[in-house]
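Following this line, the structures themselves.
Both complexes shown next keep chain A, but they swap its partner, so chain B is in the first and chain C is in the second.
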Partner chain A sequence: MDFLNAIVALANFVLIPAISYGSQLAIGALGVTLIYGILRFSNFAHGDSMAFGAMVTILVTWWMQSLGVSIHPLPTALLALPFGIAATSLMVLTTDRVVYRFYRRVKAKPIVFVMASIGVMFIMNGIVRFIIGPGDQRFADGARFIMKARDFKEMTGLREGLAFKTSQGITIIAAVLIVALLFWFLNHTRTGKSMRAFSDNEDLALLSGINPERVVMVTWIIVAALITIAGVLYGLDKSFKPFTYFQLLLPIFASAIVGGLGNPLGAIAGGFVIAFSEVTVTYAWKKIAVYLLPDALEPSGLAQLLSTDYKFAVSFVILIVVLLFKPTGLFKGQSV
Partner chain B sequence: MADPFLIGDGMTGGYGKNGPDILHDCTISVEKGEIAVIVGPNGAGKSTGMKAVFGMLNLRQGSVKLGGEDITKLSPQARVRKGMGFVPQTHNIFGSMSVEENLEMGGFIRTDDISETIEQVYELFPILREKRLQAAGELSGGQRQQVAVGRALMTKPSVLMLDEPTAGVSPIVMDELFDRIIEVARTGISILMVEQNARQALEIADKGYVLVQGANAHTGTGKELLADPEVRQSFLGG
Partner chain C sequence: MTQNIRTPLLFAIMAVLFILEGSTNFWVFSGSWNTSLAILNMALISAIMALGVNLQWGYAGLFNVGVMGFVALGGLATVLISMPATPGAWSAGGLRIVLGIIVGVGTILGAVQIRKKMSPGRNRGLLMIALLVLGFFAFRYVFDAGVEAIEAINPAQTGNLGGLNPGGPENYKAHGYMTLLAWPVGGLFAAGAAWIVGKTALGLRSDYLAIATLGIAEIILAMMKNEDWLARGVKNVVGLPRPVPYEVDLQKSAEFAARAEAWGTDVTTASTIAVKLSYGLLFTAVLVVLLVLAQLSLKSPWGRMMRAIRDNEVAARAMGKNVTKRHLQIFVLGSAICGLAGAMMTTLDGQLTPNSYQPLRFTFLIWVMVIVGGSGNNFGAVLGGLMIWFFWIKVEPIGNWLMMVVTSGMEDGSGLKTHLLNSAAHMRLFSMGIILLLVLRFSPRGLVPER
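And then the complex of A and B:
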């Protein structure tokens, strides 16, 4: 029984949160990796573009809620998502047109692109705070739980409860669907293959008659969809606050780099590596240790390796280790 | 005498807008279904000469004509659409993509059914059919060259230009590649190629150009050049 309780506690406090957080990171990192592979720069505006997409979705959600539109038990935000994606696509295509296209024309070095993207980041940062404010925003509605901790306890008679939030369920399902769809697109459609070809060998792609501007446009639209979805899922799961999205930049980049920049499969793996590391290192293991270890060995402290305040340090450490020992990432990507 | 099928006539120019001239009044041409080979010492401008024909550098003087049409002002991409295929010396495949995807990308500009052309490439290079689902970057040097040539053939070009197709492959593979190139020429496609292995290349050439310092030094049929004592002494090692 103790063993079962330990497993349930592990699932409740580590596995489920890490899987849903990992899914959010993976979707975010896919965007970073696509931009790196095709536009060949690290997009620092990624986190704040994510906030922009989430913001538009939230505004549309509020509007829908005020009209009484609802898809209970699912959150209304899912209904507002297409609007968010459309607005974000428009936004990233506009920034590409007014900022990045110029640097592409003059064949600027990647570092120049990175600096330009930091500029875009600050502007996006300001726009989002100006429109929706810097504070916390709640927009989740619908059923909060698929499985409540108390119901689980009653059902199984175990001492530990297992809570499974609707937002977590949606996140995991969405991640699986998105990854399947993206890989199908990249591997089986003409446009997807032309994107891979462009990423692999730009000169030869040009020689083969692949239109670079079209590849860039399709990439931005896909990235806009990915970041809006990731941003909304994160907001549903935790809450929406512009500064948190800026902070997400670090774990997202860490995920993309750990997996191998430019490699979509790596981005997904990287997302889960970072999420699991962050959650396991900051989790207080005492509860589980009590179930599994004999009484004499019961830890006196919380058995927490790192306070949650330091969770970003985890991404940093993993990033440094990977860059030192395997600069191309776990999967074969480009070295940074 | 009628104009040759493809001719770069009196080409003078270099890389960039103000780069020094590399080619000096250089003329290169190839007839329909024939093989023309450009040879010469290192740094003679062999590859540059071919790139000039393909529109990859600024010509200050001279013109390029394909099938009687002046294409001097066209970009390389536009020349591909006019029926020119180009196989660069390096980075000539999509390494992370499968052999079949490489061929599909080669035929990207075509709007008609490309499966028949893929089939023809597989008939020409049977090994590629076997490896069609394998990443092209994992193949051997000779097989990668076959992928590169196959990719260029996907647009059904009337002229195929090869920049040192046998660089870095073993002599046996080289012979095989040359055989395949002859086969391609027999289907009516003109071949223009730059080669380091001058002797073997001239043996299969209908026409040979020896370039020295960006200018035509000797021109003739492959046999004539092989027999020319001066060419033999200077470029073929006696």
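And then the complex of A and C:
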């Protein structure tokens, strides 16, 4: 019985949160890695573009809520998502047209692109705060839980409850769908193949008649979809606050680099590696230890390796370790 | 226009702006010398930070986005040097903390030694992991008890180790010179952190250094917010001693009152202005010294080598230059300057508030200063620091004014009008982004380009 309780506690406090957080990071990191593979720079505006996508979705959600549109038990935000993606696509295509295209044309160094993306980051930040303000916004509606902790306890008679939030369920399902769709697109469609060719060897791709501007445009649209979905899922799961999206930049970059920049498969693996390490290192293991260990060995403290505020440190340490020992990432990414 | 005319002209324009700010309340200017000097003091500190970043970016092409972390470390140094030691803290847990840190560092060094000395294989990996895990728990065992003991001492007021001020809790404000000592120490702290980052991330591709520095800045901040024994974390440290006299003391002095009368100002205003002026003089002195050193180094063989490395790493390496070592050197130097500026800033604020450190303000804004001013040119960096800081402060009134103009046709009390008026503050970030993009696009070498 104790063993089962321990497993349920583990699932409730570690596995489910880590899987859903990992999915969010993975979707975010896919965007970073695609931009890196095709446009060849690290996009510092990624986190704030996520905030932008989530913001548009929130505004549309509010509008729909005021009209009484609802897809109960699912959150209305899912219905608003396509609008968010459309607006974000328009936004990133505009920034590409106004900002990045010039540097592509003059073949600027990658670091110049990074600088430009910092400028875009400032502007995004300003726009988001200007429109929706810097505070917390709640927009989740519909059923909050697929499984409530109390129901689970009654159902199984265990002492530990297992809560499964709707947002977590949606996140996991969405992540699986998106990954499947993206890989099908990259491997089986003509446009997807031309994207991979462009990422592998630009000159060769140009020689075989691939239109670079088209590849770039498709990439930006896919990235816009990915960041909006990641942003909305994160907002549903936690809450929407512009600054947290900026802070997501570090774990997202870490995921992409750990997996191997430019490698989509790596981005997904990296997202889960980072999420699981963050959650396991900052979780207070006392609860589980109480079930598993004999009374004599019970830990006196919380058995928490690091306080929760150090979760950024976890992504960072993993990042440094990977950079030191395997600079191309777990899956082979581009360049050194 | 040649640069010989352009540089002094741009500096003159900045001087005029600061004078306007002090003397007239026309348009967005406040007409208060107090405000003008307050902006100037912060602008001088920003200029020093910009000098540090310019050293890294302009001389060597290193992309450091962890400026905030180094600045915060400087602030930490100010507390650790200039505050008095908390009575009983060192005896309660100081020893355990020092021991804990020794255990922690020892573990890491041990792991590094194992990696260096043993031949690769499964045994090496297992031994390293075993040592790290054991070391971590030993570290926590020794360290945590010490932390608990220190944080239990009068947690509402201290609860930290305190600093080295010889005056003790009653009389520490009389030893204001301690803050001046803290400035170079802040530089040293930042240099230490930079050495660790540089050792790991330099030599890899440029964006990796950027991401690594972004990370170290977040970690330094997380540490400063959580490690209450060090500098009280988010409970803040207030009432730092000052290297300049206090306004109250000036107001009490008969001599000062007489002089204020001679100037024709009331004593209160005169005292605040005098304090700000003395800070300004101190900061200007530091800035000038650093600027002279930076100019000398730029013209020296060392500076030429640096630029050669920046412009063509492969060629420089072929000429026998140790690129990685030189990069590490300049990265540490630049970060040290940021740390120094951070210590100066905390001295000026008179308090350390970890929550006020925001990456947009302390990292990316400094970058805007360097890019706008002119990367690779020290005068450009200083000009950028003065100019961008002035606009950063003034964008808000300008935004308010703009919104007033835009909304003047709208009905009073309408939702959109209130929203627009309330959101004017967020124009800051937006306009900084626009400025950065415009300069990058149309004048990528900045206002005062490198010669």
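Descriptive notes on the structure:
The definition used in the following text is that the second predicted complex is superposed on the first by the 334 of 336 C-alpha atoms of A that agree within 3 Å, B and C clash if a C-alpha of one lies under 4 Å from a C-alpha of the other, contacts with A are read in each partner's own complex, and residues count from 1 in each chain.
What we mean here is this: contacts are C-beta pairs under 8 Å (C-beta built on N, C-alpha and C of every residue); 3 or more make two chains touch, one makes a residue touch a chain.
Everything numeric here is computed off the predicted structure, so don't read it as measured data.
Bringing the complexes onto one copy of chain A puts chain B beside chain C with no clash. Looking at the shared chain after the overlay, A:115 reaches chain C, while chain B stays out of its contact range. After overlaying the two complexes on the shared chain, residue contacts for A:3 are found with neither chain B nor chain C.
When both complexes are overlaid on chain A, the residue A:200 reaches chain B alone and has no touch with chain C. Once the two complexes are laid over each other on the shared chain, residue contacts for A:209 go to chain B alone; chain C is not touched. After superposition on the shared chain, chain A has more residues touched by C, the comparison being chain B against chain C. Superposing both complexes on chain A places the Cα centres of chain B and chain C at an angle of 100° as seen from the Cα centre of chain A, in steps of 10. For the pair chain B and chain C, the model built by superposing on chain A gives 20 Å as the shortest CA-CA distance. On the chain B side of its complex with chain A, the touching residues are 76-77, 80-81, 86, 88, 91-97, 101, 104-106, 108-109, 151, 155.
Within the complex formed with chain A, the chain C residues making contact are 61, 63, 65, 136, 144, 200-201, 204-208, 210-212, 214-216, 218-219, 222, 225-226, 359-360, 364, 367-368, 371, 423, 426-434, 436-437, 440-441, 444. Contact residues on chain A toward chain B in their complex (touch as defined above): 190, 193-194, 196-197, 200-201, 203-210. Taken in their complex, chain A has these residues touching chain C: 41-42, 44, 99, 102, 110-112, 114-116, 118-127, 129-131, 133-134, 246-247, 249-250, 253-254, 257, 301, 305, 307, 309-310, 312-313, 315-316, 319-320, 323-324, 327, 335-336.
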